[in-house]
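Dumping the structure here so I can ask a few things about it.
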Amino acid sequence: MDIQELLRKVKSDEMDIAAAENMLKKLPYEDLGFAKLDHHRKLRSGFGEVIYCSGKSDEHLLMIFQSFMEKGVNVLGTRASMAQYKFVSAVIPEAEYDPMSRIIKIIHSEPEKIGCIAVCTGGTSDIPVAEEVAQTAEFFGSNVLRVFDVGVAGIHRLFSKMDVISQANCIVAVAGMEGALPGVIAGMVDKPVIAVPTSVGYGSNFQGLSALLTMLNSCAEGISVVNIDNGFGAGYLGTQINRLAEGYNGR
Amino acid sequence: MDIQELLRKVKSDEMDIAAAENMLKKLPYEDLGFAKLDHHRKLRSGFGEVIYCSGKSDEHLLMIFQSFMEKGVNVLGTRASMAQYKFVSAVIPEAEYDPMSRIIKIIHSEPEKIGCIAVCTGGTSDIPVAEEVAQTAEFFGSNVLRVFDVGVAGIHRLFSKMDVISQANCIVAVAGMEGALPGVIAGMVDKPVIAVPTSVGYGSNFQGLSALLTMLNSCAEGISVVNIDNGFGAGYLGTQINRLAEGYNGR
Amino acid sequence: MDIQELLRKVKSDEMDIAAAENMLKKLPYEDLGFAKLDHHRKLRSGFGEVIYCSGKSDEHLLMIFQSFMEKGVNVLGTRASMAQYKFVSAVIPEAEYDPMSRIIKIIHSEPEKIGCIAVCTGGTSDIPVAEEVAQTAEFFGSNVLRVFDVGVAGIHRLFSKMDVISQANCIVAVAGMEGALPGVIAGMVDKPVIAVPTSVGYGSNFQGLSALLTMLNSCAEGISVVNIDNGFGAGYLGTQINRLAEGYNGR
Amino acid sequence: MDIQELLRKVKSDEMDIAAAENMLKKLPYEDLGFAKLDHHRKLRSGFGEVIYCSGKSDEHLLMIFQSFMEKGVNVLGTRASMAQYKFVSAVIPEAEYDPMSRIIKIIHSEPEKIGCIAVCTGGTSDIPVAEEVAQTAEFFGSNVLRVFDVGVAGIHRLFSKMDVISQANCIVAVAGMEGALPGVIAGMVDKPVIAVPTSVGYGSNFQGLSALLTMLNSCAEGISVVNIDNGFGAGYLGTQINRLAEGYNGR
Amino acid sequence: MDIQELLRKVKSDEMDIAAAENMLKKLPYEDLGFAKLDHHRKLRSGFGEVIYCSGKSDEHLLMIFQSFMEKGVNVLGTRASMAQYKFVSAVIPEAEYDPMSRIIKIIHSEPEKIGCIAVCTGGTSDIPVAEEVAQTAEFFGSNVLRVFDVGVAGIHRLFSKMDVISQANCIVAVAGMEGALPGVIAGMVDKPVIAVPTSVGYGSNFQGLSALLTMLNSCAEGISVVNIDNGFGAGYLGTQINRLAEGYNGR
Amino acid sequence: MDIQELLRKVKSDEMDIAAAENMLKKLPYEDLGFAKLDHHRKLRSGFGEVIYCSGKSDEHLLMIFQSFMEKGVNVLGTRASMAQYKFVSAVIPEAEYDPMSRIIKIIHSEPEKIGCIAVCTGGTSDIPVAEEVAQTAEFFGSNVLRVFDVGVAGIHRLFSKMDVISQANCIVAVAGMEGALPGVIAGMVDKPVIAVPTSVGYGSNFQGLSALLTMLNSCAEGISVVNIDNGFGAGYLGTQINRLAEGYNGR
Amino acid sequence: MDIQELLRKVKSDEMDIAAAENMLKKLPYEDLGFAKLDHHRKLRSGFGEVIYCSGKSDEHLLMIFQSFMEKGVNVLGTRASMAQYKFVSAVIPEAEYDPMSRIIKIIHSEPEKIGCIAVCTGGTSDIPVAEEVAQTAEFFGSNVLRVFDVGVAGIHRLFSKMDVISQANCIVAVAGMEGALPGVIAGMVDKPVIAVPTSVGYGSNFQGLSALLTMLNSCAEGISVVNIDNGFGAGYLGTQINRLAEGYNGR
Amino acid sequence: MDIQELLRKVKSDEMDIAAAENMLKKLPYEDLGFAKLDHHRKLRSGFGEVIYCSGKSDEHLLMIFQSFMEKGVNVLGTRASMAQYKFVSAVIPEAEYDPMSRIIKIIHSEPEKIGCIAVCTGGTSDIPVAEEVAQTAEFFGSNVLRVFDVGVAGIHRLFSKMDVISQANCIVAVAGMEGALPGVIAGMVDKPVIAVPTSVGYGSNFQGLSALLTMLNSCAEGISVVNIDNGFGAGYLGTQINRLAEGYNGR
């Protein structure tokens, strides 16, 4: 029973006021229609659903993919192993897998793409995380400019690309080891820079802690940071900013 | 000698090619006119300049303020002590001080304000950092919605404000202690959430580390994090996103 | 307007269904009567209110105390400095101060006390935190048994008190340095033990981290831990358990 | 020789006073009958015994299970691997295994269940730890209400369950990543909340440290924390509180 | 009533066996005469008592000193401030103070000294901690050989002293910064080396953590470590070993 | 050429003074006969040699064992894997292996044993480290008293053994998790206590850090600490103290 | 089009000044001939190229090696696994592998060697890192003096080698565990000492953190530190210093 | 008695061989003339002596300065407070003080300067540490090129100075906050870069830890790191390298 019906029954004396008041208090929040509570799911709608595959059992994962298949929506599975992909694709041959980004995708209809997000990496070892950023952003309908291996140890490589990078609505800078890339880029553009530390490195890198601290302490303005290796989060946030910049509100 | 003049001299045979080539390689980068190298300073232009006051000597600080006074631009001084303000205002009576945010301001002409940034705090102790966020954003021309003391320990206070919060172009969520506020907000809006951990707390809070880690590990999507207590950084980044959303490019 | 009145107006045609539905969705949550959202405040009611004094300005603090004075409720102010007390007591002579626990109290009517909480400390330096535990628990209506300076370095002192300790409904064990006390107690009683690490110590104690880790890693069963130096939290939680044990539900 | 006999011999002159005094000082403590020293074992009695399986050799583990089998008591084996279960069940077919919680159980007679403990999780990945909580509590005779996957990133899911959650005598809140769940729940109920951080997450999660710190620093009242992934400890403590609340003292 | 008397009453029928048994179980442990429970206090007896002054109020401290004065025993007060000393010595003029080691002493009769403990430091800044070691050991009756400023950065200074150092029964090696001294000494002697890290240093020293870790990880055999700056602990332990070596058992 | 011969040549004019002076300065230190530089090796002599097996290749390890075999000395190999043992024992059948302590031993003649070291553990999981302590001490000629599984969670088990423990010349207390055992023992004996933290535990134990910090921060006197899991170091140091106490100097 | 040609066209009126200016600003930096931007690559030229093998796929790695083979330059592959070597050498039989340093080398013409770098280690377990240092330095044309297993636990071994060590232009000191070696050496020579902490050790070593901190906190002058296990970095830096000392500038 | 005299006495039969051998073994090492043991002091000789002032008492400090004054050598006092300077200069008016670098200097004769060290800083707040570097290097006879405030957040400022920077024999790069400067410089020069992290920053900077980790993890080659804020160490090491490059050996 929805609220309208309830109010109608009160009006028509089918339900007394005490009973109605009681029901209103007991209804789960979503039934009260607080649309905003679920806005975040809307961002995806029209583009597809997302599944965090890591740690899920093969059977469980397949079930989820099948349920989305039946609805005919696009699906993005992150942090999937090759073994998980093989298990899923045996039943759902439409599933595609990218071993670099560890993403399983089922695309029924390509989303239209808008604006632009630049995704930069310090080194080649950061590319897996960068691809998770890029493919997540593309899945949600952003154009992506890939600018890989432009770390500060050979900074001229970065400079020759600054012209195109600075055209994007926002920049995602992915770097491990010393993690200096986002700060250098933010010093040269006037767009938001999303910094993604990676766990690439060894020794006093401490699995990405070094790069994380570097990014949080950057003296350049316009930087913010997501968790170590969190490519999906950066791709999602980049899309939010890209949509704002493009005046997109087709939700 | 700028590039145009150099090329003109080559053309007119006043300079030979080898000499010209040599000079080109030696010119400092800025002379080459890489405009984007300084884009970040443009963000402020038309709005004023920013000074990080903490650690600067009184005399040095005054000199900087005076130099900007002469140019007639608005000035924002962050992390200023009451003593620094008194020293400056003895000479520059136009200077205003807000002890809460520790900001010294000299405003010649109010900037026009656009869009909206919501600035939320978990508790009342987070307000100094939040005011630094808010006043920075206002200085750069953003409208600011203040929603203070809506932390998750009494989460109904937050919910009664979600309608207005979700109207903003982006949300800055400021919280110390457990730092859960940004994650809860990000679960209810579809706009970028900038998380600012504060050093408010004691014991295993470790001067803001607890809140910082909470925010980096949030399961909600659309969050990114700045350094502990970095109100200025969040206000600056929020303005960048707000401007993108408003299609502002009056730079 | 409350829900009953709204429903009455729908029934009497004073308000149409669409308008009523709209208002229901907009009402702040507390107006919807979700009583449980505020249950935690009820725990105090009948006993008084609590103010975290640290970091509050003198004027602000006085204002809060005065507002409660007017309502005639008991008030507990934690982490108050002597200076804050002097400022407050100049206006409110009824205010009492305990420099050990740094608590300001205004008691209009002594709460009736039930059950028993044992509050133990490892050393004499832990007593300030233990007194915050004890006085918080007493403020909320628990009887408190103080057993101080019974640390494991002279464990026979503890044993001679175990008979009385084990009579309590729950035990709060406060310890700094090595923090072994809660584990030893939990090995000898079958009641919940709330462990409070203190920042007492030096060197590799790291401001209470050592005691905190010891308590989290205790091999004994029935222990849980609160933040370093969090005497108020332990006194509050102890009261909740004590009330459950006494079948108290006078809320 | 027990104390009674010794005293009898003194009385009957079979032993002189000096010899008796000497013996008294030498007797192991347990022989002196300090019953409370072993109270904690009583909590289990009537319900069964507990074995921490992790790290024990197959042969050793089987031997322990067999020894309890002969006494006809219920047994709970925590942190058991599938391989350990297979080794044990080959000899003791009565043994049951739950791969989710990694618990081996041998139940001769179902314990009567009293009261209620609510066990909540933030996500689905926290369920293994939550099941260890739940099954431990059930083993010791508590009714358990499972409320899984109600984390703060989609907080409306939690709210629709608050009515039932708040009926329990205590709540165990299990969460990884940001670990905000216990604080949000404690802000809405007036019962003790036992927070269990899990090692679920990656990057700056640092194997559960992030969630642990969040929980220790919660601003909500009535929370205490156990070690990362310590489901058994939370189930045991929850049972202690549940029994207190139900006035249970059948030990 | 002591045990002897109790047994006598049993024997003489003044008390029945049940009552006696009951009393025996209730007597505090110390009354049962478990001499070893208090052995550690005996180490001091004949030599005097020890007071940890840091954090004690002036009045409290004076009271303790006075109580020992009346018993005529030697007293050692560690970590005492100059202000504490002045407060105490105003009433007890016999009190002496050493600002280097921050020790207050009241010596009624010099203890006879036996054996030898070598106390070495890496630099001159480690001397305050080393003096706490040395004066503690002397207070408890050990001869002390002071070998200061023989750190590994100028290792020939150490070598010229190895002949005398190796005569001691044990060596206490006190060092801050890199903390390498104990390992070098342990490689050259066949006596126990007690390593005391100090908080001397800056930057990545982290208040003594660097030296602490160095000492724990030493490849040399025969080293063990006490807490950062814990001079008293090292002096006490050194005395225990020195007494064992001298066959001392005059307790 | 040794020093005597050199001096003889100077005396007999076979070598002039300048040449002799030059040679003296160039001679490696050991040739100068600084006997104490190598004293630590003497501790073992007459008892055998020690090999740290972990990380050594099979071939390398075998070669070392064979070289000692030829000299007919006893050998102790620590941290050896079963695979290493099998490789070695195929060639040297005299080699024995204890999988618990991971020690390979070749004993030609049993060392005479003196004095006594008590080796205690908190739990059964600490036994592998404790056995490394015990067998090391026995290898070097100490009698060892094993007192296992007497942790503070069931502290009465420890008390019933205190009489025998306090007879030893020193006590090695091995404990993981909370690591409280050494502090409790040191509070009851007047002998040196060597604390060995183990990496046993999980979660916020951080691979033994929790136990390490507990032990360093113990309030009891007479404790010092070795590295996490460093059973060999504790056994070696314990032997040094045991020998001192027994007046042993048969080196 | 290079700069010369561009200038020529301006001169000959084939291109107007505005177009030329525009092109100059757009040219990638390297085309502008900022020779110094790539100086660091020159260090290698004439000596060969370097590949960081760890984490590269077999196919990718082979492709890189083949591309260098075709150019006929020497190649150094660091952190290569045996499996990677087998894959590469199946196609490029000229490839050599050293399992100790995990280096793959292809040497077309031996580089001439100059000067001297001393490479010292504390223990035998540090040799793999030291070999990476030594072979890197040799690859770049430095003579290397290997002085292994001279750690401070048996410091006389080091002293007998100091004469030769002090002849080198710089010293690389490699040590794990306590990491004291570089400080001791720096106290005895007047040449730069490059300290390389290794991850050798266990327990509170924390994968090399202990050695790293020791080295950063050394009281000796003339030390600097590279990342844990970073043998390549130390060999490269050592070569730079060695070349400076030899007046080498054949680049 | 020195060695020559001893040998002479042996030759002349004034001393027998056994006595001579015994004396040789007992002589302190420095008497044996191991010149290299003290080489590090020679670096300073001809230039003056160095005093670490921090933590020294005024009287002690003055005494040391006076002793050097009498010898007529130049003196460098590091980490000196203004108060220390005033105390010293009251007696020694020749003493000069630089409040920026906190250096007290007494210069009798200016050292001749050779070669060049470039000292760069990221920001203006790093200048105090950089001045300690520069003035130390100048004190020891190096020319210094100061290039301040060229951090990566405005990287074009750095580039315009690269031509002069790359002329130096080595570069000292001083940076706080994110600490990226050394890595960027090392990517553009082929000289050794000494990285000095400073404690400048706040929040997750953790007193310089962030910059320290960044520098240790730099992907650029040719970098090594000294302790946080260790300007003296960098200036000393820079001088060693500068002297090697200039072929200086005037010691």
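Each chain gets a letter, A, B, C, D, E, F, G and H, in the order it is written, and its residues are counted from 1.
The working rule: a contact is a pair of C-beta atoms (placed from the backbone, for glycine too) under 8 Å apart; a residue touches a chain by one contact, two chains touch by 3 or more.
Just so we're on the same page, UniProt names per chain: A, B, C, D, E, F, G, H = 1-(5-phosphoribosyl)-5-amino-4-imidazole-carboxylate carboxylase.
Keep in mind it's a predicted model, so treat the numbers as computed, not measured.
Asks: Of the pairs D-E, B-D or A-G, which has an interface that repeats that of F-G (more than half of the contact pairs shared)?
Replies: Having compared contact pairs by residue number, the answer is A-G.
Asks: So the centre of each chain is just the mean of its C-alpha atoms; given that, what is the distance between chain D and chain G in Å?
Replies: Roughly 55 Å, centre to centre.
Asks: Roughly how many whole angstrom separate the Cα centroids of chain E and chain F?
Replies: Once rounded, the distance between the two centres reads 25 Å.
Asks: Need the CA-centroid distance for the pair chain C / chain F, whole Å please.
Replies: Those two chain centres are 50 Å apart.
Asks: Could you work out how far the Cα centre of chain D sits from that of chain F, in whole Å?
Replies: Roughly 39 Å separates the two chain centres.
Asks: Return the residues of chain F touching two or more other chains; collapse runs of consecutive numbers into ranges.
Replies: 34, 37, 40, 154-155, 163, 186-188, 203-205, 209, 212, 216-217, 220-221, 227-228
Asks: Check the chains against each other and report every pair that touches.
Replies: Every pair of chains meeting the touch criterion: A-B, A-C, A-D, A-G, A-H, B-C, B-D, B-G, B-H, C-D, C-E, C-F, D-E, D-F, E-F, E-G, E-H, F-G, F-H, G-H.
Asks: Can you tell me which positions in chain C touch chain A when the two form their complex?
Replies: 3-4, 7-8, 10-11, 13, 17, 20-21, 24-25, 32-34
Asks: Quick one: in the complex, what on chain G touches chain A?
Replies: Against chain A, chain G makes touches at 26, 28-30, 34, 37-38, 40, 55, 197, 199, 207-209, 212, 227-230.
Asks: Touching chain H in the complex: which residues of chain E?
Replies: Going through chain E, the ones touching chain H are 125, 154-156, 159-160, 163, 200, 202-205.
Asks: Applying the document's contact rule, which stretches of chain F touch chain E when the two form their complex?
Replies: 34, 36-37, 39-40, 42-43, 162-163, 166, 169-170, 186-192, 194, 212, 216-217, 220-228, 233-234, 236-237, 240-241, 244-245, 247, 251
Asks: Quick check on the complex: what are the chain C residues that touch chain F?
Replies: 122-123, 151-155, 177-180, 183-184, 186-188, 201, 203-206, 209-211, 213-221
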